[in-house]
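So, here's a batch of structures to check.
Look for chain A in each of the two complexes below; its partner is chain B in the first and chain C in the second.
This part shows the complex of A and B:
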């Protein structure tokens, strides 16, 4: 895999994982996104994105303890990897550099 | 606390792979709980929707990996199955030999049924060929159907009816003498046939062409084996043979006619020859009698019912020619099993017999399967612990079912292989038993299909129930030892034993009835005496009538010199003619009536019986009125009739008939005076009703010479007759037979059916007893300790035997009693086809019942006596 790609929704999820460092799991990511984007997001979309990014190596996961309100199921916490961080940086730089090239346009 | 919708959760758990289930289910539940605080309904909806969204390849678990190593499991099933068979060799043997016997019988009988139903299939037009027969009526009353019809009918049908593509007529030419050079043969089966016989039917040419092979007079087509017999080779086209009416040129040689056709022959003479050699006959005349087997090739898809209606209308339009006779058509494929009319070209099979055998086959198969079910479920207790352990070790019920089914597959396959061996060995006997050529049954696909079907049904049916029962045990109670007796399915086992013995009893009762009926027919008072009766075929007429006649007279005088020969008579027909294959048929005439009475009043088929003055004494027939012919007197205008004819001619009593005059529609000027009425005798088999007959005086020396003999040294008498014959008729072969033997051939089909039934009944009994033997020995094994304790406490051997036997004998008794009404119905049905039948006495039912009970007591007591005599110490010392 030479050209690592990162979709728009995946980028958002990755940002959220990075932002909630070490405390990020499905539900917190979902809630964070819903709050920032101010719209409903389906949890399955979050899981699909997480699974794909884990396959690509942008995030890694560990299991937490069992809690009562999850029907006896463990939480799966996600942390951004160095590769993931690099990807975010590259993405950020790319956008910034292009943004800076925008000439001053007035919308009189 | 709120709980997520159960069904969605279960669905999620079912498809989702374990790896993601924690995360997905946990997160979903968390979201659900949070959401349901505000709006529970929406939360539920959302939950379901999300679950469905997870149903995608990334999250669905691989179902393939459910059973990691199937091959290993199957290997284990086979190994365990094999071991459990070896562990109890006795039961396995009973199981398998019973099944093998059952399968072998089934295959035999299925092959027989297939063969009986395969008649005429080799004709490529078989589905579109119909035979037209003649229904004879008296007024509106149906009398009998004659297979032969009038010569002009075929051409007329082709001309008038568009659906008739072609017709073929075959005229019987039985018992014809054939000469090849100096060699002489008597051929029983041949026909005068239209040349269309080869386009309607599918006979294959070996030499020569069939196209127009019989279109000219004096042409003949012979079969390969006949050609071999005459010339020693098959390529004999253009050779000539001398047969009825002169020389015939061989235009083609065809393959032998298959055995499964009703129309068998050695050669076919061209039909156009017949008018040339018999000058009274033209094939345009309705007056020449109905002597032609007529087959129509119809357009495919013709409605037979509608066509028969048209035939009825056609018959009505021909009333002036054929009186009240009606044409009717039947598909040739139905002839062998369903036709059974008068003047069939050969004795037909009987659909009833065939289906009875099919029923027996199914019975026997059922018995064998029942054995398997009974023995497997009875042994349940032995396997119960195994089942318990397997379940504890994590075996699913489906796996246990598979295991027991595997065992049943092993048993069934081995049984099938044994059955194939039995079939291979028993085939020659079976062919002899049924009298049908079945040696090639292995080559028929249907044989293998039925074998596979038997295997599949056997495994599912006989293996399925025990598998379900055995796999259903509760591991906890089984391992704790609470599972005491094999009482499980007790009623079913007993029910099955009842079924087995009821079926067997029915078979035996029916067998007894068949035997008695045949015996009854053979010993029946036929109204004549056919014992010690030697029949010679009349010599060939190769000299002038008068010389010939005087030769016969001297032959007769010579014979009567021997004290053992009592009467010598010459007649055209003999008792048995018309129903025994190979005898010259009687000629018949319709429309005989009293002079001065209504012409149409009587259209019975009267059999014409040319006899001499010694005929009636030769067979010890009695006259109920009038007198016999007198030899050497002018008898030309006299006739003798039988009582049946006297009735059908409208006479109130035989006495009234004597002296009256009768005449014939065909020869209206011919008036005959009745001089005597002979008591009815069974010209055909006593299965049938009497037929009206007219005897005319005709010492013309054709047909048969009857010798009534009274001797202990038959050889000597025959030798004496032969010496005189060779002196006087050196050019004719001396051929003789005993009338009672020939006559009894009519019961051959019944006797054969009886023997087949006896054989298979015995096998059925063997199978049922094998089952009972296995079942009782097993039950006794279960009760060894009980027997020991009873003996210690003072139980006598007799008491114990009684106790152990009672259970089985009780059910056998119930079965036998159930069987009685059923067999009563079956026998009644079967007997109703006979004109003469036995009375059903109670013995027919009681004797088989006693036999069955005795056999089963014997079977059970072998086991019980052994068990009761065993030393209680042996059974009690171990725990």
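This part shows the complex of A and C:
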């Protein structure tokens, strides 16, 4: 976690990119997140997160073909990189290991 | 129907978005827009679109302002400063001369700036600065219009009573400050202060620490400055305490005010007492023939000084007698802003005052010194240009355009100027106390004033621009190919501008030095003027106490009995005072043009002449052995010239007083005693006989004892007869020397500035000489191998500079001569400009130049040629 950090929202976006493997672009990521989180997410936040993670090397992008329905604008598809996947794994392991340390707590 | 998102936000988005991201994000926005259009209608879709676009306006999405260029220019400037800094560090000697010289120049400029600021903000302390004026009077005197501000009480009262539509407040103040003895318990001090009407403290917005502005309403009250109050009561609140005034009056303290700043009109007021107290018993507020008041007014709202002046112009006429009216007196108001610098009148016309002139002189000197420092910078930088020409060549061939090189050299200049500015602020802070003492001012650096810092930065910027422009423009003009090939030669005329600048520098320095020398010459000339009496061992005091009355004989005997006193005398004024003027005298052969002549009147006891040691041209001194001397008069040479008698001691003088004709026999004629300014002609004086009780006591000590031994004895004798008055004496020598204060201040400041100017110039010359020597190392080496002697090399290296200095001298002499000749015209008693001043300055400047240059020249000439030829 020292040299490369991953914010909370960035982690969510990265997870979504990974989940929608090879089919993820701005709108699908946005809709996927809105569905899972059950709240409105702003497109600008998604793009900022994507740009940052691309700069950090967690995702890479490619342009799709030109289609009719977007007024002729190309889609920019995002794919998770090996580094990004490693990062996710590390995050997951970290959380898991700490979670496992939780003793049995009874509430009530 | 196909609907499009709102155009304006879309265009805005396209404009700010980073080109790499634009297409894909816009696609996403469009997709979302269409979706929302279907789901929730156009309005909501538009709204969401606008929100999205607004939220996208953030740093990671916005494109950089000028594409990728911004980063590069930033780096460029950074590198300019870095290179500049490295250059400074590499050439420590040059940098020191450069920055030090510039800092010195700036320090002088800042100090002069402070001085000018102080002069221009004179009286700004008073809150009603814009509304206060002083009444002035013009009238004819001996065919010329005189302008003055000493008025009668009647005028003040008239202003108050009949012109209240113009003046909100009118305050009369005794026309000169008064020294009086203030006493409380055992403490007694002689203090300077003013008598003022009750409106004054509010009008002049005194800052009250204790009490109110209305403190002078009662005749037996007094207001003290904080420093005076401290003298008596330390930190206690003194309100209600009783001050013994001249051992005659008991005055209740009704207020304590902050000391007034030195640059305000009442700066020396250590107390204000009611004017009524001054007038009590001998005069009143409606007198029209005694001129002893200053009248200050505060304009009513919506009135201006012009209309007020117009209204009061002829106000005096109904109240004065025919002979006064014949002198055509007119009144006008002078606004406070003009009191200090613009209150100088010649024949009734307001002309530029000598003080204003000196403000200009100082401003010019400041500019010159700064220019000298800038010239140093220019010279050293251009001289080093050949060393840096390769750098310029490389920069040019890798793509620098000229503009960028100019920028680089400017930024170096700014760096140096900024360092120099910081240094000069430090220097100013260090030298300010000494400077304040010389200039007799209270200047501080206005640390908290944003304007000062803004001004300082602007000033640094201008200096940088001034100093850096020549090198920037010159260095950047080099041809890259020539420079790189090494065939670049600066050419015959490359050093010409440098030579011109050095000449200018030395012209200014030499002019300043000659000017200073002449100022000193004038002071010395006036100091060695025969003054008509002997100052050594003479002390004077002005005992203000009723106990002093009628004790002349007793006191004289007591003092003489101490054995250290030769003679004692009294007079009505101090020896060096020019107070007391009267007309109304007649003499044989007087013509009509002399009708309104006035004379300086003195009343002296018969021992006065012996005490101060005056010298007789004709006749004899007063003597108690001739009772007729009580109706005698002694005149000075100037008066004798006016009378024009062949044998003055056989003539009489008629004094017309209150319809009486008094006859006075002229007893003797003395050499002129210098009473007023030693730079002016002596006034015509008359000395009348007085028996005693004249206020001023003069004591001539003999040389049997030193002053340290004699003074305690004299004090003891004095205290025995007059225990209630403080023994506050002054030496006649000090009183006389005080008259040179203004001129000596000019002399001291001028000599400091011109010394700095010559130091700055020499610093530059030193740097330049060392550079030239360094540049010609190889030449010198070869010459030495071929057999040149050290002397001839030294001569070769010094010659160029010596020629320049001689040239400067030739330019400076006529300039200074005409300027200083003009300056000397201000003085009636003036020296001629002696030729040896010029010669000595010329020789001095030459000697300093040769010394400065020789150090480097001899160093270069002494180096072993093997070393210099082997390098590279």
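Note that the second predicted complex is superposed on the first by the 106 of 108 C-alpha atoms of A that agree within 3 Å, B and C clash if a C-alpha of one lies under 4 Å from a C-alpha of the other, contacts with A are read in each partner's own complex, and residues count from 1 in each chain.
Definition applied: a residue touches a chain if its C-beta (ideal position, glycine included) is under 8 Å from a C-beta of that chain, and two chains touch if they have at least 3 such contacts.
Remember, it's a predicted structure, so these values are computed and weren't measured experimentally.
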May I ask you to decide whether A:48 touches chain B, chain C, both, or neither, giving the answer as first, second, both or neither? both
What is the contact status of A:30 with respect to chain B (first) and chain C (second): first, second, both, or neither? both
One more residue to check, A:63. First (chain B), second (chain C), both or neither? both
Overlap of chain B and chain C contacts on chain A, residues 25-27, 30, 42-45, 47-48, 51, 63, 69-71, 73-76
What does chain B use to touch chain A in their complex? 4, 20-31, 33-34, 49-50, 53-54, 56, 58
Chain C touches which residues of chain A in the complex? 25-27, 30, 42-45, 47-48, 51-52, 61, 63, 69-71, 73-76
Note: in the complex, chain A contacts chain B through residues 25-27, 30, 42-45, 47-48, 51, 63, 69-71, 73-76
Once bound in the complex, which stretches of chain C touch chain A? 21, 23-32, 34-35, 51-52, 55-56, 58, 60-61
